[in-house]
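Each structure below is given as structure tokens.
There are two complexes below, and they share chain A, which is joined by chain B in the first and by chain C in the second.
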Partner chain A sequence: MVLIKTQRDMLLSPLQSVSGIVEKKHTLPILSNVLLEKKDDSLTLLATDIEIQITTTTTGTQGDGDGAVTVAARKLQDILRSLPDNAEVSLNLEEKRLLLKAGKSRFALQTLPAQDFPRMVIAETSQGKITVTQKQFRQLLSKTQFAMAAQDVRYYLNGLLLLVDGNQLRAVATDGHRLAYASMELENQADLPRQELILPRKTVLELNRLLSDSDEALTIQMASNQIQFEFGSIHLVSKLIDGKFPDYERVVPTSLKNSVTMNRSALLQSMVRAAILTNEKFRGVRLILSTGSLKIMAANAEQEEAQEEIEVDYSGDSIDVGFNVGYILDVLNNTSSEMIEWGFNDAGSSSLLTIPGNDRFKYVVMPMRI
Partner chain B sequence: MDSSRRIAHLDMDAFFASVELLRYPELRGQAVVVGGRGNYEPVKQADGSWRFSRLREYVGRGVVTTSTYEARALGVFSGMGLMKSAQLAPEAILLPANFDAYRHYSRRFKAAVARIAPRIEDRGIDEIYIDLTEIPENSASLARRLKQAVLEATGLTCSIGITPNKLLSKICSDLEKPNGTTVLAMEDIPARIWPLPARKINGIGPKAADKLARLGIQTIGEVAATPVGFLTHHFGQATGNWMHQVAHGIDNRPISTASEPKSISRESTFERDLHARHDKPELSEIFTSLCQRVASDLKRKGYVCRTIGIKLRYADFRSVTRDITLPTSVSDGSQIRRAAGECLKRVPLNQRIRLLGVRVCGLSPLGEADRVIRGVQAELPF
Partner chain C sequence: MRQLILELQPETPPGLDNFVAGSNGEVLTGIAAWLEPGNREPSLFLWGESGAGKTHLLRASGGLYCDGAADPDLSFLGENPEETCPLHAIDNVEALSPAGQIALFNLFNRQRATGKRLLTAASRPPQQLVLREDLRTRLGSGLIYRLQPLTDAEKIDALMAQATARGLRLPQEALDYLLLRAPRDMRSLSALIAALDRYSLEHKRAITLPLLREVLHGPDLNPTP
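Up next is the complex of A and B:
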């Protein structure tokens, strides 16, 4: 039976939307597969790793009848990607195999039964729903997600805090050394009760990949242990991290004795250059801020040294402080304003990077004793 | 095997107790037991003499760290519960352990030996192996010189076994304790080693000895006389072959002069069993202090660790361990505490606990370059 007959891209692009979360190695072999489900002219693709599930539905698919099957996601994607752009592809369901034909190419793929494919249970009770544009939410994520921890034993740091309160939506991420905060206003939205959700790291990275910079709508549906995102033809369901996120307000310094405002890209360029001669493992740079000047210095284990100097409008205390250059590059790379403001108290306590005239972004970074 | 080697095992005599006797010479000749915590510290009297605690005064659950030979004669040995040993020797003097002092004397005796024979394998606070192969002097006179040097450096006596390998030397240093010297050649094995119980072999513990006894094998000689096939049948290939070899006095292990620690641990038996919830503050304080002590051990030895584990012993003496391996090495007390805290979440805590331990492994030396350049990243004060 010819299950699906379509253009290569009509199959490849929804497959690429769902396949990002498929784990290469999993204890359950079926989780390496993607579920293809055809009903009338609609085709649904579904992939999951049990924590996250992504579904896309497209219409206008041709074929002889309805049916569902699961097949190795990675292999199917590799095959489709290697075919010519405009290739006509047909998927034929045989006994236990899926036969993919395109031009003179033939591929017989192993299948596993669709009814064995695990699906996440969608939460029945909702604790609120918000609608924003994809662009707004993507910006919120991109200004914060880089500060998430990756493999911290404090498992709740391996994710991003989403905080809904009234008509405010805030995102916070931290790895214990630096913290990024961004907020946005929810327009045309009834006030919501305060709630905190921790999105797993993988979900955040996947959302960041899938969302576009468009004004199209993104609907977020929240439940106590689950969150759903609907945008375009994509439906993403994710479990939440069960834990208590640290109180970010406690670590954002409220009064700063000294602050300097400078051109973001000039600072970025200097940092990029100085970073070349930092110790590969510890990546420390030394900042010396004095009247009219910011010096950036780096040295590595081979005794090689770099020095950068930026003229700044500064007349506060002289400050000599060290930082992990990676943490500074992250914030400079993930913001787009012309200017950036950097506030300090002393070399031993936290410093704060902000965008002048914008209180919706904050980045706290702890120094490094060099 | 290479019978031209000459290896010594030097074991300090009743080391901790002897160090205590240096400090309190008036206790010489008495049964003295070291163990327990600080509140049994001797108290100086008005006339300048000391008032010592007696074993019968002890209340708690500490164990004997060591005892003098006089106390051993009364049946009090290392590892025995202090209250239990009080029944055997109620009038024995009780002293709390003073590890700083033991470490001090440990360094001194090792330095004294190193001046005579520099190839030393450190086996702990009170024992070392020494490679004497390259030293042109007969064993008996070398043993005398080593013992004299240790005595001059510390005022303490030790026992030495000198044989062609570590296995035999370890057995021999114990044969004529205290202040003994035993020199043994391969041809002496049947007469000197074979009559000894199998347990005297370092590596045959109580369980293996019991099993051997059930098979009708008591002495090292009987092990040696047993066909190797019989041993491998009962103890497995590796252990069986090993037993056969050691019973014939064969041991090719080299002296390893640069021994790297594999793990560092600290544990504490509580004065009373603690409950995870009801005694949380107390438990948490002990837990944190164990982590800090492990961290300062790491720092002192110049290592960082990647795997952090905990050990818990419940009131019913059941033990559990859990560990976690981090993506990068750590050395800081608070980082160790955090990882150990994660391990603690993975054990059932509905029962009372009598012992808590923290152990780190996956050690790597903190490189010199790292130490200079590394920089210490500060943590956000959540």
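Up next is the complex of A and C:
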């Protein structure tokens, strides 16, 4: 039976949307597979790693009848990607195998039964629904996600806090060395009760990959242990990290003795150059801020040295402080404003980077003791 | 070079609810009952060896805390002679100087006369304390409780609970190593958990036996604030 007959891209692009979360190695073999489900002219693709599940539905699919099957997601994707752009592809369901034909190419893929495919149970009770544009939410994520921890034992740090309060949506991420905060206003939205959700790191990275910089709608549905995102033809369901995220407000310094405002890209370029000669392990740069000047210095284990100087409008205390250059590059690369403001107390306490005239972004970074 | 870390977790203040009682359940109930507003007994005396939990309970009482070892003259009271407080908590009374003993004696009488309370602690029971006789008998006149140190199994439970509260997991081999190689009183062990937390966050490493060895033998056990 010819299950599906379609253009290569009609199959490849939804497959690429769902297959990003498929783990290469898994104890459950079926989790390497993608579920293909055809009903009338609609085709649904579904992939999951049990923590996250992504579904896409497209219509206008041709074929002889309805059916559902699971096949290896990565193999199917690799085959489709290496076919010519405009290839006509047909998927034929055979006994225990899926036969893919395109032109004179033929591939017989092993299948596992669709009814064995694990699906996440969608939470029935909702604790609130938000609608924003894809672009707004993507910006919120991109300004914060780089500060998430990657493999911390404190599992709640390997994620991103989404905090809904009234008509405010906030995102916070921290790895204990620095913390990024961004907020946005929810327009045309009834006030929501305060709630905190911790999104797993993988969910955040996947959303950042899938969301577009468009004004198309993104609907976020929250439940006590689950969050759902709907945008375009994609439906993403993710478990939440159970735990208490640190209180970010007590970490953001409320008063700063000294601050300097400078051109973001000039600072970025100086940091990029200085970073070349930092110690590979610690990546420390030394900043010397004095009247009218910011010096950035780096030295590595081979006694090589870099020195950069930027003219700045500054007349506060002289400050001599060290930072991991990676943490500074992260914030400068992930913001787009012309100017950046950097506030300090002393070489042993947190510093704060902000965008002048914008209180919706904050980046707290702890220094290094040199 | 050393990366400084954000103070993500506030230190949990000592409380009656986070006191690991072990075999001291009765003492804990007794103190909780004594701290009830209606209780009329003016004085409670706690004794037990170092690390048994005296300071924790004194701080958890909500009383005005003063350590006789740090301030043997109780000069704090001398500076505020008319200081009236519903509850004073005086730690390490055996370390008090003669002047401190007089100050505590006066405080005892003042608290009793005004219907207020005094919580005291020492390493030995009142009859073995080397103090002024009038003070010693007064300390012995109220409620007296003895705190037993935790057993090894109870210490492990307590350390696991502290680690969990910080979002950490301690492998069993690390716990065994701690009890074998580290100071055995709960105060030192709790400080060690805090040091491990800082060190693992600073270096972005999981808590393993090698990391534990580095912390135990490194300068990080008592980080300068």
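As a convention for this text, the second predicted complex is superposed on the first by the 370 of 370 C-alpha atoms of A that agree within 3 Å, B and C clash if a C-alpha of one lies under 4 Å from a C-alpha of the other, contacts with A are read in each partner's own complex, and residues count from 1 in each chain.
The working rule: a contact is a pair of C-beta atoms (placed from the backbone, for glycine too) under 8 Å apart; a residue touches a chain by one contact, two chains touch by 3 or more.
Quick caveat: nothing in here was measured; it's all calculated off a predicted structure.
After aligning the two structures on chain A, examine chain B and chain C and state clash or fit.
clash
Could you say whether A:Gly243 touches chain B, chain C, both of them, or neither, answering first, second, both or neither?
second
First (chain B), second (chain C), both or neither: which does A:Asn300 touch?
After superposing on A, A:Asn300 lies in contact with chain B but is clear of chain C.
Does chain B (first) or chain C (second) touch A:Leu256, or do both, or does neither?
neither
Go through the superposed model and pick first if A:Gly348 touches only chain B, second if only chain C, both, or neither.
both
Answer with first, second, both or neither: which of chain B and chain C does A:Phe282 touch in the superposed model?
Touch partners of A:Phe282: chain B and chain C.
Just to be sure I read the superposition right, which of the two partners does A:Tyr156 touch: chain B = first, chain C = second, or both, or neither?
So A:Tyr156 only meets chain C here.
Quick check on the superposed pair: does A:Arg369 touch chain B, chain C, both, or neither? Answer first, second, both or neither.
both
Considering only the contact definition stated at the top, list the common interface residues of chain A for chain B and chain C.
Touching chain B and chain C on chain A: residues 151, 153-154, 174, 176-179, 246-247, 250-251, 279, 282, 284, 322, 324, 348, 350, 364, 366-370.
In the complex of these two chains, what residues of chain B are touching chain A?
324, 326-327, 338-339, 342, 369-370, 372-382
Which of the residues in chain C end up touching chain A in this complex?
Touching chain A from chain C are residues 1-10, 166-169, 200-202, 204, 206-207.
Show which residues of chain A lie in contact with chain C when the two form their complex.
Result: residues 149, 151-157, 174-179, 243, 246-247, 250-251, 279, 282, 284, 322, 324, 348, 350, 364, 366-370 of chain A touch chain C.
For chain A, which residues count as touching chain B in their complex?
Listed in rising order, the residues of chain A that touch chain B are 150-151, 153-154, 174, 176-179, 246-247, 250-251, 279, 281-282, 284, 299-301, 322, 324, 348, 350, 364, 366-370.
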